[in-house]
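Note that the chains are named A, B, C and D in the order they appear, and that numbering of residues resets to 1 at the start of each chain.
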């Protein structure tokens, strides 16, 4: 165990024997310090939306296809011109040094080993270059929290491009931090530096509360920013934090190469809908113009299946992967991805769908209760 | 602590460190005597409507507006020709001396400091003049429980007008007291005099049960009473206790300058709908002819947002402010208002709405479960 | 306390201080022997329908009528050519000697004192004549469980007619006893004789299980039986146990002078709907051709109001009155009726309805959750 | 008690005093070893579908038919050209030696005594011939888990035909095993040999996990397999595991002589609908072309009634019968069937339906909550 600024960082590196992803949370809670765990696990206000993210999946059911004459379902897929072994990707998530001493470096390695797509967060504990290198050639996206300081933005984008990322995820649902009570109760301040912030005047994030970090972030984000980033990077820009058909079209109009349906895992706008509840409408409006990434509440193979069937092209997980990171480092992350992908394969076989394309065309049943 | 007729009145005067408004209730319960707390917190019958007032908010969700290019949302608003710093106002609530020795005087001062609108109740512990003076020039409304004795009504209205109130709230949903079991269990009688009753033959309310107080109140209230009060005061009269589109139009027909959608915090007609459940229909019928005030169950910034988006122009709170009063006097009330307004601002930013007008035009999503 | 065949019968005679009717159940449980209490309180199978009888009321809400200019609501009503002080009546309920040594004699006296309508059950602990006499001139109905032995039926009808009952309630939803697990668990057998059975070959019910009692009851009941009873008695015959519009019209076609919507308090067909859930449809089909009596799950003034607003002309209670009987004899029954009627009056005033006719025309709101 | 490979097999042979079927589970849990009980009782993933199988019944209610003039309802029925005393049949269920030393032999005897239809599973603890013989002339079906090895399939079908089974149930919803966490937690491996596997190269199932057993099962199952089995056996083939109208028609097109609506008791595709929730749609599409068998979640007489009214011709139970087997051997199974049939008869009488045909034509009410 490493102690950084008084915070105990785990150093586990091992394969995990996973029963299911929800069960990881309490295991992780035992080894992640209270403040860090509260930051990772918590949602905003009374966590209604956080909770709804899970229950929403219960209201659409998988209609199995009997006598479908298939075996050995395959989870590989091609999205954003990337060949991936699984439609499950890593959501961009801040400050993974809270879970493990190697932070995003281990996450990137673990995701790469599982054949998934990694997304780095602006607020990573490790640097863009280091995290990219850990990916060992596997594709990565870089997520941008836009700063008020455009020089800072450009510097990050330069570094990301130099590191070879395949796309930029622009987060637009966090222009101020959600009201997260766990952080307030724990008087939480980031004990671990955020690598991308250390070279800039904003400081390194260490010893700051989440509110202070956000203070230097841009609140005003509009279509012109999307256009500007596209122009600057010449990379596909995916707009993250879309929760309505209207906004999806607006973002595509602004040049978005992908739509990321998410409510930030229930950490931002509490009182907004569960992400899964709006996915069908968004997908219907997007109508295959660009790919759709989905996150918020995914814990089961059946959740991944339902999200794909409801219109997602990629399905991201955040907290469960971070718990895997805490418990087993890179190998733990791989274990989490492999477990979820295995659950998905079982569902695919039982539902009578051989490929991810088949899943995307599978019907769902609306359940009234 | 002051002991009045054997009842212990709090004397706290301090800023509060508030996590959220729901959490205030148990803090307040520790310091308000049982009978007083039961009177404040309780609802009628089996409290179904009281409970539904909270859960109703879960069935409409906020649709965030991404890429809205806004920052620094503003909560100031203009309603009833009044300029207010927040759309959150104080609901008229009786007998606040039960919570704090300074009663409505502190509430008025606290609300004024937060830039909100204060409403005095007929059954206030403090006099109209004293409460008005404590408001220090900030706008106030006066709420009238109509007595059977019209001289009494005129005397109160005279005093209110003299004190400079900006409007009269006529409560029409309390022509008899709801069946409040907490008061019966506690054998509750008002230990603190009601200042507005002391100079009249009805007595001062001290030592009376709620039933006896209501006994001198008018049960028969009709459109002609609205007209009569308008004529007598030449002030805007807002009819409080409207729960249907039909009644809203009936009240406007009778001359109402405002509609107050409320079920009295679940204290009167149990078995009636949650107020939030009828707000959209009422607002649709009112169609901006007059402003709408809403209360019943508001505890979160997201609740305030939803009420405004569903058609309210002002959103009132009662119990949470009284708990703030008990715990911190005038400063406690200010803390409660500021906290709720801060939560509202976060929601506004995250929802992509810069002004209260924007909020009023924000869509809500109907959730089926 | 009287001990009959080893069963302890209560002898309380006193006015009750009632908080609410649901709270009576546990008070009564303390003083009624286990077997008797299980028989009275229990439902059939897993008691889904018993439970649904209560929750159904939550799905229609009272729309208050503001500015209705009324006071002093009146609960008197005229139904079946009878002038009653309250629309609340006593449901026919068997074996009330289980609750109190004086059984239906005290119930009849208590109901009469409250100005309600009494219904005697075929399986009463006390005789038709004695129970009628206790009613002291107040109107009573007699409920018939049809026997396979038509002589027995005629004998009961003769006695009922001689005793001056104003109508016959023919129960058609109990052609076999529901599967009541409490009775099986308690090995319940009736310890108290059933007065109407003692003079007949069927025996007196003492020491029999409910199954044996029903064994001599007719299972085949059809329209011709309704006609035959009408012809024999020349009294209005109300068919009890109707749960659909179709059956209501069928019964009226057979000559029924009233429709009694009931699922026998959840004691018979478990898996059938809550009675309140079908009331509106039944009333719509009946369309005022004959009066409608409603029971099953009524515990609150708001329940009575909703049942009347949904189409009932009279609203019956069973278990709560029997608990009142156990706790206070005739005075206890009166206390229960008066309490419920008082709750109803409060609701009437708050809803803006002055008369029972007004209540019957009051709208209800369908709540989706 | 017999100990086989360290596993304690019950040897009870006695009539059971049954209160209700749900209550059997905890009784059985006391006497079945943990691994075996987990295998029998468990569902897949988080058991949402397992749970939904029960709650689904609450959303359709039985509409009783009053004045129907019937008595003495009869449960005999004719389906698949078989005369049965009850519409309740035994679902094919694997490895009943886990519950009782005599396994399917006792089940077959017990079902026969109750006049029901027995279905043998491919993975039975006892052989086809022995189980058939125990049925003592009563009709049986044989359920086939198709192997990748067609010789194995033909050998089983030969034996089944020789044993005189009246139909083949082809299970198509188990082409891979569901993700059953209880088995993983218990490190469950089959301690008891599976008789039908012992003579084949696949081994006997002893000491294998469920995953290994499935490994030799066919995953690819299509319409041609249905046709091939029909051609080979010249017996009616019922396709089991249908959950949609589309699949039912597809199976009938492939030659199916019956449709078996089931989600395998929530043991396979978690996240799929409750079986009862899709039954009406399937039955509507099938439109009496072939009979429908239904299982998944049946525990009460009212469940059987609802399933028949929703379109089933036969209603199967699995777990409750196995619990009866554990607790009382053949007599225990008979007790379970008789109890459930008795509950059904009560419901039939109370619903006003004299025959199973009447039940099939009974209306159900959709309940919104």
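Assume a contact is a pair of C-beta atoms (placed from the backbone, for glycine too) under 8 Å apart; a residue touches a chain by one contact, two chains touch by 3 or more.
Being a predicted model, the structure only gives us computed values, none of them experimental.
Specify the angle of rotation obtained when superposing chain A on chain B by their C-alpha atoms, rounded to a multiple of 5 degrees.
With C-alpha atoms aligned, the rotation comes to 90 degrees.
Where chain B and chain C touch, do the two copies share over half of their residue numbers, giving same, or under half, giving different?
Since fewer than half of the residue numbers are used by both chains, the interface counts as different.
For chain C, which other chain has the most distant CA centre?
Of all chains, A has its centre farthest from that of chain C.
Averaged over CA atoms, how far is the centre of chain A from the centre of chain D? Could you give it in whole Å?
Whole-Å distance between the two chain centres: 42.
Could you pull out the residues of chain A that touch at least 2 other chains?
368-369
Viewed as a graph of touching chains, is the assembly arranged as a line, ring, star, complete set, or other?
Shape = ring; chains linked end to end, path closes on itself.
Per the touch rule above, enumerate the chain pairs that touch, sorted by label.
A-B, A-D, B-C, C-D
Residues of chain B touching chain C in their complex?
45-46, 48, 55, 59, 172-179, 181, 184-185, 218-226, 239, 241-244, 247, 250-251, 254, 268-273, 277-278, 368-369
Along chain D, where are the residues that touch chain C in the complex?
The contact residues of chain D facing chain C are 19-20, 22, 57-58, 61-72, 300-303, 305-306, 343, 346-347, 349-351, 365, 367-369.
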